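Some structures are shown below for you to check.
Each of the next two complexes has chain A plus one other chain: chain B in the first, chain C in the second.
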Partner chain A sequence: MVTLENLFKFISSLQAVYSEKKLYLSELDSAIGDGDHGVNMARGFDAVVANWKANPPSNCEDAFKSISASLIKTVGGASGPLYGTMFRKMSLAVGKKTEFGLDEWIDGISKGIDGIMLIGKAQKGDKTMIDAWIPALEALKTAQNDRKTFAEALRECAVAAKNGAEATIPLIAKKGRASYLGERSIGHQDPGATSSAMMAAVAADTLI
Partner chain B sequence: MKKLINDPNNAVLEALQGMEKAHGDILKVNYDPDFIARKTLKNKGKVAIISGGGSGHEPMHGGYVGLGMLDAACPGAVFTSPTPDQMEAATKAVNGGAGVIHLVKNYTGDIMNFQMAADICADEGIEVKPIVIDDDVSVKDSLYTAGRRGVGATVLTEKIIGAAAERGDKLDDVVKLAQYCKDNGRSMGMALTSCILPSVGKPIFEIGDDEIEMGVGIHGEPGRERMKIKPANELVEIMLEPVLSDISLENGDEIILMLNGMGGTPLLELYILFNHAVDTAKKLGIKTVRCLVGNYITSLEMQGFSITIMKANSEILKLWDAPVHTAGLRWGI
Partner chain C sequence: MVSLVLISHSRALAEAAADLAKKVSPKSDIPVFAAGGTGSSHEELGTDAYDILETLEKAYSSDGVLILADLGSAVISTKVAIGMLDDIKRANAFLSSAPIVEGAIGAAVQIAAGSSIDEVKEEALNALVGKQSEIGDDENAQ
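On to the complex of A and B.
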């Protein structure tokens, strides 16, 4: 079950994870991008947590809106609008509830992915964050069909997202700055898919 | 690293404050969200033109805010696109009721951030038209990349459509003109050295003492080829051919030619390059009828240059010659 309380744990934990993995993510980004992904994500979630504390949301819609607005304003580059869109679409999907479960979570992620694909124009296999999100969504849907618990579904989602991120290594980048490298982008794990997989892992740890 | 800065985190802010002090007669700076706007914000009934992008390319874009060019410019962090709240605030500040053009260089982050701002403004009833400039022939334009990068043609486009908006052209007409500029402007750059991000402190790429990066981007992105340094005239020929052949030019056609320094190139060298660029174009039957020689779209302290051309006609030249009063370009008044 997602509640306001564990959503705050989710963003606080993401703040810690991105801060700790800042250099790792930036190194992945240096290989095929401009080397600032880790720094940008860490700065973004610092702002997310600070804004939540300054204006605590009273329902999940406002919570996701607050996360979205902070990311769009502070992350910059392409990651700000992409993650910002993910959380904005989730806010619309869950509405004014104060807690919700797997069905709404799937609906939110699904609409979030649609939003990301609309503004980023990436397809599966283009070596982007989509390559982590699509298998993550599929895992959630499979768990839903198999009538698994929310906690089990989130764990399977995290594994699928991690595998999806690792599967970007042999791909040729077709979107973003990495696409200018063409075949030279082969052999590197996509930083956006990696930070997305970290998000799925944190969700499994905190939203239960 | 040696740089004339105080704190990398304050570099953009302090530069904006300096710009405001230097050019207070032309522009003013809004802070948080950051944007540079004309001193007289709103021109009722005039199409407003906004551009923006990462900092580190000065005088672009803030140096092109003023009469006959931009109404506002949104500076991001160094080499990082600005965020939507900047473009939203700038759009609302300069909207004179006749529509707003967002002139965007073709980079994934820039496009997304401008698009989010445009969506928000459109929801509130402001008509926003995006124009994406993608003139860099170094990058193959295919379905499998983010497409050609936006570079030098942005400067020429800002001047030309800025003049059209200033004389009172309607939104659709300014958009058509911007489309002409996009279709008829092409560029290519090269670098002798890398540049250093203030926040990183080391060169973006390594390059040998006798090597150059042919086709480099304005953020130090890799180009077409790493090659040995050659005499200036040979470099001009290597770059002018792909630039000229990418648009349809016929014997006797006229062009505007910008010979641009990347930030760390002596003007003496830029004139040497320009001298041969004009001669080379002439041999191909192309007349250089207007020009810019200097630092107009830079890449921090990078040594190198780029060539931008735009096919001209009498209408384009009339707009080019129209008065302009900005920090970076000034003539006709």
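On to the complex of A and C.
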């Protein structure tokens, strides 16, 4: 079940994870991008937690809007507006509920992915965060069909996102700065897909 | 009158391009706006969708707003900002793939002449045509 309390655990845990993995994510980004993804995500979630504490949201729509605005303002690069769009679309999808379950989570993630694809124009296989999110969404839908619990669905989603991120290693980057490298982008895991997989893993640990 | 918004990772570049476009157009008081850069006074390289949104609000014209952005995250931030405009303003906002400097100059000349948003858009998109024939990339120009 997603509640405001669990969402606060989710963002606090993401703040800790991105802070801990800051160098790892920036190293992945140095190989094919501009080397600041880890630092950007850590700064972004510091702001997400600080803004939540300063203005605690009273429903899930406001909660996701607050996360979105903080990320757009502080992450920078392309990942700020992309993650910001994801959470903004999720806020519109869930509305003013104070708690919700798997169906709404799937609707939110699905609309979030649509939003990212609309502004970033990336398709599956372009070596972007989409390569983690599309299998993650598919895993959620399969779990929903199989009548799994929310906790089980989130665990399967996390595994699918991690596999999706690892599957970017042999791909040629088609979007963002990495696309300038062409075939030289082969052999590196995409940093955006990696930070997305971390987000799915944290969701499985905190939103249950 | 159509208004023009220029967005770059570098605020200084956007402002200089806006200044250049105004100065080479027949009227220097046409509505040209610059956005971009991040940090408290836009001094760092990058773009901020909220800063762009504020500029788009300021630049709004019911005759249309042509928007030129440099590339990458500037384009993505601009799309996010356009998405946050209300329906009427969003329907009058046009993000173009035209090159920011050449496109701005072409657009500014049309704006000064009182052209429609469609004419301004087309002029901006054609901004490289004259330059390409002048330089002749395929002839390995000397």
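Observations on the structure shown:
Convention: the second predicted complex is superposed on the first by the 208 of 208 C-alpha atoms of A that agree within 3 Å, B and C clash if a C-alpha of one lies under 4 Å from a C-alpha of the other, contacts with A are read in each partner's own complex, and residues count from 1 in each chain.
By definition in this document, contacts are C-beta pairs under 8 Å (C-beta built on N, C-alpha and C of every residue); 3 or more make two chains touch, one makes a residue touch a chain.
Just so it is clear, the model here is predicted, and its values are computed rather than measured.
Overlaying the two complexes via chain A brings chain B and chain C into a clash.
Of the two partner chains placed by superposition, A:38 touches none, neither chain B nor chain C. Judged by the touch definition given at the top, the superposed model places A:181 against chain B, while chain C stays out of reach. In the superposition on chain A, A:164 contacts neither chain B nor chain C.
In the superposed model, A:135 makes contact with neither chain B nor chain C. Of the two partner chains, neither chain B nor chain C is touched by A:57. Judged by the touch definition given at the top, the superposed model places A:76 against both chain B and chain C. The partner that reaches more residues of chain A, of the two candidates chain B and chain C, is B. Judged by the touch definition given at the top, the superposed model places A:120 against both chain B and chain C. Mapped onto the common chain A, chain B and chain C collide along 81-89, the only clashing stretch among 81-89, 189-197 or 297-305. In the superposition on chain A, the residues of chain A contacted by chain B and by chain C overlap at 72-73, 76-78, 80-82, 84-85, 119-120, 176-177.
Contact residues on chain C toward chain A in their complex (touch as defined above): 38, 46, 48-50, 72-73, 76-77, 79-80, 83.
Interface residues of chain B, counted against chain A in their complex, comprise 76-77, 79-85, 107-109, 112-113, 115-116, 139, 143-146, 149, 199-200, 217, 219, 221-222.
Per the touch definition, chain A reaches chain C in the complex via residues 69, 72-73, 76-78, 80-82, 84-85, 118-120, 176-177. Of all residues in chain A, those touching chain B in their complex are 34-36, 39-40, 72-78, 80-82, 84-85, 119-120, 172, 174-177, 179-182, 184.
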